[in-house]
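Two complexes follow with subunit A in common, the first pairing it with subunit B and the second with subunit C.
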Partner chain A sequence: MSECVVEFNGVNKAYRFFELRDVNLRLEAGQIMGLVGPNGAGKSTTIRILMALVQQDGGTVRVLGHSMPDDQAAAKRGVGFVSEDMGLYGGETLAWHMHFIARVYPSWDPDYARLLQRRFNLRPEQPIKGLSHGERVKAALLLVLARRPRLLVLDEPTTGLDPVARHEILNELMEVLSDERRAVLFSSHHTQDVEQISDQITFMDRGRIIDSSDKETFLERWRRIQLDVPTGIVLPMLPGVIDVQTDGRLAVATTNAYAPGLDAAYVRAGAVVREVQRMTLEEIFVANVMSSRKEVA
Partner chain B sequence: MTGSIVGQLVLKDLYLTRWIAAGTMLAGLIALAIAPLGSTAFYVGSVSFVCVQIVLIVFLVTVGVVQEKKDKALLFILSLPVSTTQYTFAKMAANFIAYIVPWLLLTATCLAIIFASDIPDGMMPAVTAISLYFLCYYCVLLAVAIATESATWIPVVIVIGNVLINFFIPLVFRLPSGANLSSGSSTWGLDILAVLALEIALSAAALAIGFLAQTRKKNFV
Partner chain C sequence: MYLQIMEQIRHRIAIGDWQPGQEIPSIRALAVAVKVSVITVKRAYLELEREGVIVTRQGRGSFVSDTVDLGKSLRNQMLDEHLAAAADIGRELGFTPEELEVRLRALTTREQDEQ
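Up next is the complex of A and B:
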C-alpha cells in the first residue's frame, strides 16, 4: 500500500455563510489530485485547513504523517504551497526571496532554481512589485519547486494568467510531476488544466465532496446517450441515469454509470439509440454539480 | 530547525524595517541635538522629537504587521515550516526589537542631553514618563495590529495615542515630582514612580494579551 500523504476524515468547518461538511480525502505518494469546483465550492477552505491556515471545527487531518494543526511546523517542512492570491514582499527582489528560502530549507537546490529562473524568464534582481501577475505566480512556484517538496499544494495557480503563462506553468508542472514520489494537490475551476495534469479528480460543490475517482474511471463512467423516442413511448427510469432532457422526439440521457446494457434497456423500452457520446471533464463536472444540487434540493 | 526558523523570521523582519528604525533614530538624534540651543530651538526640538516617536511607532507597526497582511505575504510566510505560535512570537519579537533599540537610544540620549546641558535636571522624571508613554502606545498598537489586523481598530488606536499625549505631557509636568524646572536635580517621588510602573505594566499586559489573542485564533487568513 502506498504512503498516504494527505488524509482528511470527516472534516467540518463552519463560517457564517458557508459550511464545509464531512470532507473525506485521501492522497497517496505519487498521485496528482485535481480538486475541481465552482467558485465558493470549498476548495480553498479545504486547502487552507490542509496548510493549517484555518483550523477545522471537527474531524482529523494528517499531512505527511503529521496531525494538523498541532504538528503543522513539522508537516510543512515537506509541503510546497502556492496560491493564486499569495503575495511576496513587493519591495524586495526575487534574489532576496531565494536567499531567504535557501536559509530556511536545507533541501534548497540552487542549480534547479537557476534553471527555473531561465525557463520562466525571471530576472532575480527585479523587485517583486515590478512583476506581472504571471511572473509573480512563476516566482512563487520557483521558490517552492527549488526546495523539492514531497507534497505540492497548488490553489488555483493558473487563475488570472494569460494563455502563454498558463501553458508555461502547466508544462513545468508536468515535468515536475514526473517524479513519482511527489504528490500534488491541485485546485482549479479550469477543468482543462486539471484534465491535463491530474490522475485523480475530486469534485466539490457547496462545501461537500460530490464525487472522487481516478480520471480514467470518470471518463469511462460518464456518457451522454442521444435517443429518438417515438410518440407514446415513455422512457424508463434506469439506474445510473442522472438526467434526461427531452425536446419533442429527441431525448438526451446523461449517465454516471455507463454500461452497454444501458443502450439495450432503452431499445427494449422502444427508443432508438442514435449516438453514445463520451463527455469531456468539463461536461462531467457541470453534470455532476447539477445532479448533486438536484439531489440536495 | 524550529529555533532557526524563528530566528530567520526575526532577521527577515529586522531587515524589512531597517530603514524605518535607522531613519527615525537619525531624525530623533537631530531633534535632540537642536533642543539645547535656545528656547525656540528647545520647542522645535521637543515637538520634532515627539513627532519622530509617533512616526517610529506608526511606521513600524504598519510596515511590519499590517503591510504583510495587505500584500498577502502572510500566506507565503505561513506556508513555511512554522507554527502560528512561532510566527506570532517571531513577528512580535522582531517588531519589538526594531522599536526598542531606537527607543532606548533616543531616551538615553535625551536624558544625557538634559544631564549635560542647561536644561534643568528636574525634568528627567517627566521625560522618562513621556518616553514610557510612547513605549506603552507602541505596545498597545502592536497588540491591536497583531490580534485584530483591523483597518478600523488600528487607526482608532493611533488617533487615541496621538490625542492622549496632549493630555499626558501637562499631567506629568504637574505631578509634584514630575518636573522640577528650577531644581538642579531630579526627584523620583512615589507619584512619578507609580506612573512609570503603570506604563510598564500596561505595556507588558498589552503584549501578552496581543500574543494570546493571536495564538488562540482558529483562522489565520
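Up next is the complex of A and C:
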C-alpha cells in the first residue's frame, strides 16, 4: 500500500448558505487527483480546509501525515499551494519573488527555477503587475514548483488560460510525477485537463462528493447504449441504468455500471442494441451531476 | 483512453521502433513522456501483457515479447481494421467482394504511379 499524502475523513463545514457534508478523500503518493465540479460545488472550500485556511466543523484531515489544522506549520513545509489570488506583490519583479522564496525554503532549486523561467517564457526583471493573467499563473506556479514540494495543491490552475499556457502547465504537472513520492491535487471544471493527466477523479456537487475513483474505472463503468425499441415493447428498468431517454422508437440508456450482460437483458426484452458507446469525462460529469441531483430531489 | 496508448505501443512495435525482447520504458517514465496519467499507461501495459504483446518481469521492467512474427501479426491486425471498415462500407454501398478487389487494385496502382 502506498503512502497516503492527503486524507479526509467525514469532514463537515457549515456556512449560512452552503454546507460541505461528509467529505472523504484519499490521495496516495505518486498520483494526480482532479477535483471536478460546477461552480459552488465546494471544491475551493475543500482545498481551503486542506490548507488550514478554514477550519472544519467536524471530521479529520491529515496532510503528509500531519493533522490539520493543528500541525499545519509542519505540513505546509512540504506543500506548494497556488490559488486564484496567488499572493504575489504587484510592485515587485519575479526575480525578487524568487530570491525571497529561496531564502525562506531550503529546498529551493535555482537550476529548476531557471529552467522553468525559460520554459514558461517569463522575464525575471518584469514587475508582476505588468504580467498577463497567464504569465501571472505561470509565475506563481514556478515559485512553488522550484521548491519541489511533496504535495502540490492547485485551485483552478487552468481557468482563464489560453490553450498554449494550459498545455505548458499540464506538462509541468506531469513532470512532477516522475518522482513517485510526490503528488498533485488540483481542482478544475476543465474536464479535458482532468481526463488527460489525472489518476484519481473526484466529482463534487452541492457540497458533497458524488463519485470518486480511478480514471480508467470511471471511463470503463459509464456507457451509453443506443437502442431500437419496436412498437409495443416496454423497456425494463435495469440495475445500473441511471437514465433512459426515448424518442419514438429510438432510446438511449445511460449506465454507470456497464457489463456486457446489460446488452443481453435489453435484447431479451425485445429491443435491438444498435451501439454501445463510451463516454467522455465531460459527458460522464454532466450525467453524474444530473443523476445525483435527481436522487436528492 | 488506455486504448489509445495500447494503439501507440502496438504501432511502435509494428514499425520496429521497439524490437522483440527490447526493454520498454517504465510505466511512470512513459506516462511523463507522453503526458498521460500513470493509471492510463498502467492499464495499457496490463492489457498488452494479457494479449502477450509485452511481458513484465518482477523488479526488472517490461519488455516487448520475444514472439518472432509479432511485428508482422500486429501489422496484419492494423491493416485488417481498415480493410474491414472499407469492406463494411462497400457492402452498404452495394459492391460485391470482386468489385471491391478491383477498386483496391486500381487505387494501389494509382498511388504507385503518382510516386
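Rule of thumb we're sticking to: the second predicted complex is superposed on the first by the 295 of 297 C-alpha atoms of A that agree within 3 Å, B and C clash if a C-alpha of one lies under 4 Å from a C-alpha of the other, contacts with A are read in each partner's own complex, and residues count from 1 in each chain.
Keep in mind that, in the parts below, a contact is a pair of C-beta atoms (placed from the backbone, for glycine too) under 8 Å apart; a residue touches a chain by one contact, two chains touch by 3 or more.
Note that this is a predicted model, so its numbers are computed, not measured.
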{"item": "Subunit A as common anchor, with subunit B and subunit C clashing or fitting", "value": "fit"}
{"item": "A:S107 touches, of subunit B and subunit C: first, second, both or neither?", "value": "neither"}
{"item": "Which of subunit B and subunit C A:G90 touches, first, second, both or neither", "value": "first"}
{"item": "Contact breadth on subunit A, by residue count: subunit C or subunit B", "value": "B"}
{"item": "Touching partner for A:Q55 - first (subunit B), second (subunit C), both, neither", "value": "first"}
{"item": "Partner chain(s) touched by A:S132 [first = subunit B, second = subunit C, both, neither]", "value": "neither"}
{"item": "Contacts of A:T246 with subunit B and subunit C, given as first, second, both or neither", "value": "neither"}
{"item": "Touching partner for A:N24 - first (subunit B), second (subunit C), both, neither", "value": "neither"}
{"item": "Touching partner for A:S67 - first (subunit B), second (subunit C), both, neither", "value": "neither"}
{"item": "Partner chain in contact with A:S178 - subunit B first, subunit C second, else both or neither", "value": "second"}
{"item": "Shortest span in Å between Cα atoms of subunit B and of subunit C, once chain A is used as the common reference", "value": "26"}
{"item": "Subunit B/subunit C common contact set on subunit A", "value": "none"}
{"item": "Interface residues, subunit C side, partner subunit A - complex", "value": "1-2, 28-29, 31-32, 35-40, 43"}
{"item": "Subunit A partner contacts - residues on subunit B that touch it in the complex", "value": "1-2, 4-5, 8, 12, 16, 71-73, 75-76, 78-84, 86, 218-221"}
{"item": "Subunit B-facing residues of subunit A, complex", "value": "48, 51-55, 57, 69, 72-74, 76-77, 79-81, 83, 85-92, 100, 103-104, 140"}
{"item": "Sites on subunit A touched by subunit C in the complex", "value": "30-32, 170-171, 174-175, 177-178, 180, 195-200, 214-216, 219"}
